[in-house]
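Once you scroll down, you'll see the structures, which are given as structure tokens.
The following pair of complexes shares a single chain, subunit A, combined with subunit B in the former and subunit C in the latter.
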Partner chain A sequence: MRRIAAVAAAFLLAAPGLAPAQGKSAADGIAEYRKMLEDGNPADLFEARGEALWTQKRGPKNASLERCDLGRGPGVVKGAFVTLPRWFADTGRVQDLESRLLTCIETLQGIPADTIAKTGFGRDEQRNMEGLVAYVAAASRGLRFELPQAHAEERAMYELGKRAFFYRGGSHDFSCASCHGEEGKRIRLQDLPDLTKNPGDGIGFAAWPAYRVSSGELWGMQRRLNDCFRQQRFPFPGYASDVTIALAVYMGVNAKGAESIAPSIKR
Partner chain B sequence: MSTRHTILATLALGGMVAGCAALVPGDALDARVDAMMKASFRDQGIARVDRLQQDLANEACSEALGRDLPEKLAKQVEAENMKTVKLPSDGRFLGDFKRGEAIAQSGRGMTWTDRSADPASNGGNCYNCHALAKAEISYGTIGPSLYNYGKLRGVTDPSSPAARPIVEYTWGKLWNTRAYNACSNMPRFGHLGLLNEQQLKDVMALLLDPRSPVNQ
Partner chain C sequence: MADPMRIRAQAAGDKTTVRVLMSHEMETGQRKDASGKLVPAWFIQEVTAQLNGKTVMTAQWGPAVSKNPFLQFVVKGAKAGDKIAVTWVDNKGDKRTDEATVS
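For the complex of A and B:
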């Protein structure tokens, strides 16, 4: 894995220099680099760990997650990811993948959801979450997003997500829309998807969870949003807090019809 | 949130409320937005929850959801922000363009992983959104290109009376961009204490000094 990261880093360093000479954009360079790694995406390792965790008996209740209901019935993993977040009658909440996994882990295995939510990214039970989100997302690879909007609370969360997306604050007056509200923009050389509509197959919402070459970790949407808010100079969003779920509903509904490539690979 | 109802009323009068937006009645949605923001965030390091409090400018531009503000409200926001602009205490507008370039390159500061909120430890983030010096090809496109900023505006001697209007405008724009454009995406560097007076002068020199790489 370390070697893959080193090769990737070398390529990235070379890419901007190559770009003008070959008439390629930075995006072309990055796409080519992703292509190179397609057969060796380290997300596969997280996916395999997640699959093992799904069937492993764990926690005070010594149970597996095989009866977990991700919205398509107990134990159904395939196709669930592209319909999340959605309304769950048993919790009376709209939940994204990670908040729903917390529910399953607490109710089936007896590990307190609150403790996991308070654990730092990349540590202890949060490392298990990395595997689980990779496994669940991978089971929907190639499928198209179609979040349900039939329940009133699903529609309300969409409206809340839209308001959160345009909410300006922090030390710099930024909102999500400052960077992701228009097509064809970039920060430095990084292309920015327009998340107010469907940005295309495998782009934006349809690319996460993803393996991050720069940190050697697998990031779920919760961690992706957390780091967005850090760069937005906002205070710290709670793990699986309502604002993160509302934003996921907003982005997910906007991405209707986009093909999921998650877990993908990012710089 | 006392200004919220006024803003919404103004937006409605401006004919801007989309026909299908009322899935949740306006007031109920506002209350839920407030509750959601309050419950979802916590203090971390220098990034505290008081950063979610909105002044008129941020409240109005948030609720417009990316659309333009009605003219009257835009003018009100711009007038309020214009009042905050402080000209340099010693009357000198330009510092060192080399230091300005370093500030423009740096995207540091004010996140919850940064130790200090002192402007001296902050960068200006300029290249994240703007093209400036030609040699820097890694620039963003959220803002307009500022390459040849001073040259294109005919600034040959920034201390001359002829250059004064553009020099003052540029200072004001860096201090508080929303004095000129109510919902500009740019941070209010002087007004919000992101860069200090000397740093602003250095960025001014980067933009306006004829010797600056921006004007080559």
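For the complex of A and C:
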């Protein structure tokens, strides 16, 4: 009898050791899949297109974007992405990358910003935006997020973003925080980062823009947010609208010190 | 005209790893657009790689290959400074050639 008990005890001891060795979690599988794709991230193609667009003379004013001020002075691309959104004196607004690019395209090239904002994602001028955001983000790859919060407007946008983040509504009574307010949440197999704090290097805010393998498109933060609104069954936010910028300020300030890997690759 | 490819060729000893990213829609001809009409097939059919002008690899592709495809292969005997050229031809007859230097 005692021998049987000893054998059973041995089994009990062995069992917890066996389980992790056999089962590879879904998250491990996805991480492995991403690793395999990293070497050939098609975001590189968008980055190259964006670089060409940056220097190409276009629009009614036949000008390039080389004088565009992204917050680090006219024409400075490197390091700009990790400080956005920020306050801009010339427009008197806090702007994220995409709304700032709209300003530059309108003032320098003469292409009306509201026409671009109304264009559906992935079409016409919005296709060019994909390239431009990839190019600007890639110039700051490996740098750490450091959004300025010195201006009162920037702090106000953070508070607005925080409110929008926790605002519950829609047919499902969802808020951003429903999925992104604590660790260990998933949508199907996708792990969701906790965006109320710094989720770590290259996660959450630090991973977008990203190439989506499933759709073969490059998504900027605006499109990412637009799809989050869709999943919450909220009305779609306006492209480059203040609420999207406020949410970006909230996530960006929370991600202070996180390393940007954008443009990354996503399922 | 199609966007340029991104080609990287890295020599390690006798072997050179070539990585190619191509910009292409790769439509299968099976998908329908918003109005219900078939999106015509449009994909890369032929891929050729040349090392200093000599063909080292040919491939026949079909509609099962993904959008913006990534191709990686290993060439023996390439040295730093050699030229690797990759060409694709799609089913519409469009073609594109890009070149990279082995590093």
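Heads up, the rule we're going with is that the second predicted complex is superposed on the first by the 245 of 267 C-alpha atoms of A that agree within 3 Å, B and C clash if a C-alpha of one lies under 4 Å from a C-alpha of the other, contacts with A are read in each partner's own complex, and residues count from 1 in each chain.
Basically, contacts are C-beta pairs under 8 Å (C-beta built on N, C-alpha and C of every residue); 3 or more make two chains touch, one makes a residue touch a chain.
As the structure is a prediction and not an experimental result, all values here were calculated from the model.
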Do subunit B and subunit C fit side by side on subunit A after the overlay, or clash? fit
Based on the superposed arrangement, let me know which partner A:A156 touches: subunit B (first), subunit C (second), both, or neither? first
Touching partner for A:A31 - first (subunit B), second (subunit C), both, neither: neither
For A:R49, decide between first (touching subunit B), second (touching subunit C), both and neither. second
After superposition on the shared chain, which partner residues are touched by A:G40: those of subunit B (first), subunit C (second), both, or neither? second
One more residue to check, A:I187. First (subunit B), second (subunit C), both or neither? first
So, A:V76: does it touch subunit B (first), subunit C (second), both, or neither? neither
Comparing the two partners subunit B and subunit C, which touches a greater set of residues in subunit A: B
Across the superposed arrangement, the tightest C-alpha approach of subunit B to subunit C, in Å, is 13
Doubly contacted subunit A residues - partners subunit C and subunit B: none
Spell out the residues on subunit B that touch subunit A in their complex, using ranges where they run on. 21, 23-24, 29, 32-33, 36-37, 39-44, 47-49, 51-54, 57-58, 61-66, 110-113, 117, 125, 127-129, 137-142, 178, 185, 187-188, 192, 194
Residues of subunit A touching subunit C in the complex: 37, 39-42, 44-45, 48-49, 213, 216
What residues of subunit A sit close enough to touch subunit B in their complex? 16, 20, 152, 155-156, 159-160, 162-164, 166-175, 177-179, 181-182, 184-190, 192, 196, 230-231, 233-238, 241-244, 246
What residues on subunit C touch subunit A, complex-wise? 3-4, 6, 19, 21, 23, 66-68, 70-72
